[in-house]
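Each chain gets a letter, A, B, C and D, in the order it is written, and its residues are counted from 1.
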Amino acid sequence: MDYFTSPSVFYAILAVFAAGATGALAFRHHDRAANILGNSLAAAGSLAGLLFSGAVLLEGDVPAFGAGSSFSLLSITFRLDQLSAFFMMVICLIALLCSIYALGYVRHYYGRYSVGMLGFFYNLFIASMILVATSHNLLFFLIAWEVMSLASYFLVIYERRESASIRAGSLYFIMTHAGTAFIVFAFLLMYQATGSLDFEAVAQGMAGASPLVRNAIFISALVGFGVKAGIIPLHIWLPSAHPAAPSHVSALMSGVMIKTGIYMLVRISLEILPGPFLWWGLVLLVIGGASSLLGVLYALSEHDLKRLLAYHSIENIGIILLGLGGAIVFSSAGMNSLAALSLAAALFHTLNHATFKALLFLGAGSVIAATHTRNIEKYGGLIKLMPQTALFFLIGSMAISALPPLNGFFSEWLTFQALFQGVISLDVTTKTVFILAVGALAFTSGLAAACFVKAFGITFLARPRSEAVSRASETGIFPRLAMAGLSIAIICLGLFSGAVVRLLSGVGGSLANIGGAEAADAAGFESVSVQNGFASISMPAVFIGIGLAAIAITAVVFLLTRRRQTVIGRTWDCGADLTPRMEITATGFSRSIITVCRRVLRPSSETEIEYHDANRYFPKIGEVTMGLHDVYRTYIYRPLQDLLTLLAGYTTKVQSGNINAYILYIFITLIALLFLLDLTT
Amino acid sequence: MTQTIFWIIQILLIPVLSPFFIGATRRIKARLQNRAGASSFQPYRDIWKLLHKDEVISEDASWLFRAAPYLIFATTLVIGASIPLMSTALVNSYTGDFLVVVYLLALGTFLLALAGIDTGGAFGGFGSSREMLVAALTEGGLVLSLLTVALISGTTNLMAIPQSIGSVPFSESLPVILAFIGFSIAMLAETCRYPFDNPSTHLELTMIHEAMILEYSGKRLALIEWSSANKYLIFITLGANLFFPRGMADSLELAPVALALAVFLIKVGILCVAVALLESSIAKLRIFRLPDLLFTSFVISAVAVGLVG
Amino acid sequence: MSYLNETTMLALATVIFAAAGLLHFTQKYSSSIRLYMLQSCAISVLLIASAFDRLTPLLVVAITATITVKVLIAPYFFFGLIKRHELKFSVSAYLNTPVTLVAIAALLLLTRSDLFSSLAGLAAVDEKLLRLAFATILISLFLSINRRGALSQVLGILSLENGIVAFALFAGLEESPGFQLGITFNILILVVIATVFASMIFRKFGSLDVSTMKKLKD
Amino acid sequence: MLRKILTVPKILLDRQSLAGHGEGIATSGEPREETRDIFKGSLAIRLVTAGSTNACEQELVALSNSYYDVERFGVHFVASPRHADILMVTGPVTRNMREALVRTYKAMPEPKIVVAVGDDAIDGGVFGGSYAVLDGVHNVIPVDYEIPGDPPAPRQIISALLDIIAKLNSRRPAKD
């Protein structure tokens, strides 16, 4: 086994992705070959990566390895500690199933867009995410991070003839690079404080850094990685960029890529920076609560299936941040076992969200490929046309709505328990934040259930609302295989949550600021109990309980009623003819909740009426558009943009268009720098 | 051996008794309206009749519509086995966590709401929409009110909570009382009683719960009616045994448990009277006034949690 | 650098510096290019000398690349360019000759000043050489600023490149092969891009005078 | 208040005074075997107003008030034909309501009973022969029982309902 976790295996995995990328590029004129080569190699690489990272999780850390370089600061080194291995496992798990899905899904791009390019960037994207999770040098990390951002950017604008994709891509590009600027700033501060760019050395050197520096690093890392994770109000790129990409890429972006932001937040706040401050955790709790609540409310108001799912990513990132925030608070208060519990909750939710969000995006991709529209109002009745996709989507919906006995429920349960411990053991002000976080989490899961009743009900149930949808058919074998795999993962993660918690407890315990504390105790029958029996749960028992009860009641009812018939009739329509237009719409479904939250959401409605006559007595066509005012754009990004334009207006005067002038600027800068050098030495 | 018997009683008690308490509540309401009303055992007859009737299912309905009643009923059975009924010595550490109960209830609501949409009728959809609105906004108050008693007793296991709540001195029972108020509001919302929903309405436009089940008939309607009766009794039981746990047995001897069962019936009866009185004395609220009430429940419960410890 | 005595090195440095200085006063493109060739030759000699000191495979590659690119390919490109477009003179500058002289003198003074003393501390061989190389850098930059012709500007940048290499050598940085390789690579890219751009611009505007290219902005 | 809950209200009509005021006239002979014993103490009514004058509705609404209180016999009105055992039809069935009536009938699960309430529903009553009506429910769907009257008084209706329930439950099936 030790042999399996050697660095050469890791390089081999990277080589498989490289082969996939170049192979797809080489066969770019032959769509089928490019598809098979690109995606099957990606699947193979991911499978190997999954086994590799799983072995690391079981066997223990792999110490830093890699090639140095002639530059003193950049060293191409990797380290697979438990945290890295965990994130690599999440990446590879989702990438594996997404690649299988892509084998069938990509077919509908044949002849329309270059499948070779897709395969190239797809492999590059997965490989760069693995590098991000495993790199051991800040500079190398930045390079991997940038490759990841650029690869995903090209995937977002893959459908390049859609202007919406291009716009989404540009927004993503700008936001992610603004974020990177903050990350660079944080890294520079670290370098200044420690004189090294290797993670381990930085972590050791940070002990002497002043609180001011540590706070500054945390804030800029929070902003920088927060953009990638999609916390509110830095989320604006997310709902437009994720849906624009091909669905298996959306699944990866939403399920995995945004988690790389979480990965670095965990690493920086719980390992690299020694002794976190209380207020970091509180800020994360507030941001997490706000992101989860607002994310789900925005999702409710969406009628574009993929945008809806993208907003749910924001919500789930919020839930993860609740766990992480709790962990930081506990760690700063010196309660290591509680910190381990809280972090285990966050990591478990990270894993869970990756599985069910990927499943939902893949399901949405199948639906969209079958119906050629993303507008949820046009769907309906797909459960009869695509029964298996519907079942998988239902499993995903139930998991994301935190319904037992699936995995989403367990990680929210764990998050709740961590927050409860905060309510018990902390002082009054901190406690208040925790109580509100509990409330936010409770409301969030309720609203998520409402949102997925809408998403699943309007999409799959009732009757088709448009002609195109009634001709839809079940997707191919590979997509269904991938979705089935994710569904099984969801069920297994729910059932064997006890084992997963033990594993995550090890991951969390390996971090410096938690110091080996155990997250939860395991008792018989796969049951998990936290804090010496404050709470305990056994997911298999819940699962078996529901199953047994359902079987028993079905048997009893069957015995009682076996002589009675079941007749198929038309839906009760009060005697009038029922048309699909009479079914509830997604807008109608969620409008009541939006109206309740109108203070926060600022709903808008525009009425357009065309009249028959000039006196406007007889309306011909009426159209009401209901939506939301974009608060973030109006109050944050628009003013920011105006300010930038204004500043840019001043700076155009500097831009003469004359090369000589530009070189003169360089010259002046050089001289000025010399002066500066002289002054400092 | 006795333990096994008690467990069987525990599992069967809720489904066996629940139609009676629904019937009793209706009868008390009828009396308050100066009517004789149907017998308290009327719901048993209704369920029996429905089980012996044919079923008509819409051609637009899918397997979800067919499976939902069984699953919903199953969740109430599991919850029934997870809540304190008669003895605090009986502890279910597998599914007894209050979050399990809250989320199993949410699972039932989720499935029922989907079933409401499934047939493509005009009423089912908005019934689901309203139900989810109420259910989503109830969650906060429900979780925090139950958290209050959980924190006081130092465990979130419902079956272990009553023991220590019983020993809280009256002078320190303010959080319990506040939590009970928050819980009651959440209970009325979850069980579709006044002022949230009219359980006996015939007007489609004012329905919440009823609108979703308009399409059900025969055995599946029986199951749905029975599960909502179960849900009602579950909430009443939680209210009675978590917040007023006096009279619960603390051992598994036969005599104290029998006594505890009697006390339990009396407590539940009193709460049913209270619900009936409340329903007879207030009007149903406009749907957009409901969130205010639910947020009130949340705030009261949050204050209660804050006061603990 | 033990294979070259100080006088030789000083001479080479002077050649490099003088070439950069003279570039300011050449009238013909062809003579400018020849001056650049001369400068590059001097650099190559310096590089080869340093290779005797400590020979690594990477350094051999770097030297080969430098000689090929700077002494052979780049001038060949430029000669081809001026032949194709029949260019001869590159007279136009922003400043006239006396003012240019004054500016160069000022820059020289700057390199001699205390301002530069902190950098001069880097010198592995001789502080004087370092100052000379630095003057080359500044003067080459100034060439790019002063000249209107795009080709002269490119030559200015290339000369700057040479100045940097010389500076690195005198500062004793030649042991870092990455540094050498980077600079070579940089030049290669620069030449290619410059050629492509220059011919594209010429085709479009019929001139290489940047002041007639103001239209580019629109 | 407690007394009110525990004692039967005084103004309520008792069972004896209700009996014998009217009866459900069976139109189809023997009740089907499958309906036997099912409706003991539990009967759900779906009302369809097929072009009535609203007189019958007034009387039917009165059934639920605290004077007649039909609920004590386990009889209640429901919101959906899916939940109903008895389809009560009032009015002579106008042409426009024909389709709606048929659909309601089909929407009900077996076993089901159709009761025509009022003379209009039985044979068209005063509207009989009009071009706009179909002269009674039996021309559209099979009717099991009729409650005559124009309109029947609540007391008559309750009495008839009790009679129908009795007939449904008491009579032995033919082959027994």
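Throughout what follows, contacts are C-beta pairs under 8 Å (C-beta built on N, C-alpha and C of every residue); 3 or more make two chains touch, one makes a residue touch a chain.
Note that the structure is predicted; figures quoted are calculated from it, not measured.
Which chain's centre, taken as the mean of its Cα atoms, is farthest from the centre of subunit B?
Using the mean of the C-alpha atoms as each chain's centre, the farthest one from subunit B is C.
Taking each chain's centre as the mean of its C-alpha atoms, which one lies nearest the mean of all protein C-alpha atoms here?
A
I'd like the Å distance between the centres of subunit A and subunit C, where a centre is the mean of that chain's Cα atoms.
51
From the C-alpha centre of subunit A to that of subunit D, how far is it in Å?
60
For subunit B versus subunit D, what separation do you get between their C-alpha means, in angstrom?
34
Please output the residue numbers of subunit B that touch at least 2 other chains, ranges allowed.
Answer for subunit B, listing residues that touch two or more other chains: 52-56, 214-215, 218.
Going through subunit D residue by residue, note those that touch at least 2 other chains and give them in order.
Subunit D, residues with two or more chain partners: 80, 82, 106-107, 109-110.
Could you list the positions in subunit A whose residues touch two or more of the other chains?
Only 565, 567, 569-570, 572-574 qualify.
Just spell out which pairs of chains touch, all of them.
Contacting pairs: A-B, A-C, A-D, B-D.
Mind listing the subunit D positions that touch subunit B in their complex?
1, 4-6, 8-9, 11-12, 38-42, 44, 65-66, 69, 71-74, 76-80, 82-83, 85, 106-111
State the interface residues of subunit B toward subunit D in the complex, per the touch definition above.
Contacts found on subunit B: 28, 30-39, 42, 45-46, 48-49, 52-56, 201-204, 207, 210, 214-218, 221, 273.
Flag every residue of subunit B that touches subunit A in the complex, lowest number first.
Contact set of subunit B toward subunit A: 51-64, 70-71, 73-75, 77-78, 81, 93-97, 99-100, 103-104, 106-107, 109-110, 113-114, 117-122, 124-126, 128-130, 132-133, 135-140, 142-144, 147, 150-151, 154-157, 214-215, 218-219, 223, 287-288, 291, 298, 302, 305-306, 309.
Name, in rising order, each residue of subunit A that touches subunit B in their complex.
Residues in contact with subunit B: 380-381, 383-384, 387, 390, 394, 398, 401-404, 409, 413, 416-417, 420, 423-424, 428, 431-432, 435-436, 438-439, 442-443, 445-447, 449-450, 452-454, 456-458, 460-463, 523, 525, 527, 529, 533-538, 541-542, 545-547, 549-550, 552-554, 557, 560-561, 564-574, 578, 580, 582-584, 588-590, 592-593, 595-596.
Flag every residue of subunit C that touches subunit A in the complex, lowest number first.
Subunit C reaches subunit A through residues 94, 110, 114-119, 138, 141-142, 144-148, 150, 153, 156, 176-178, 210-211, 213-214, 216-217.
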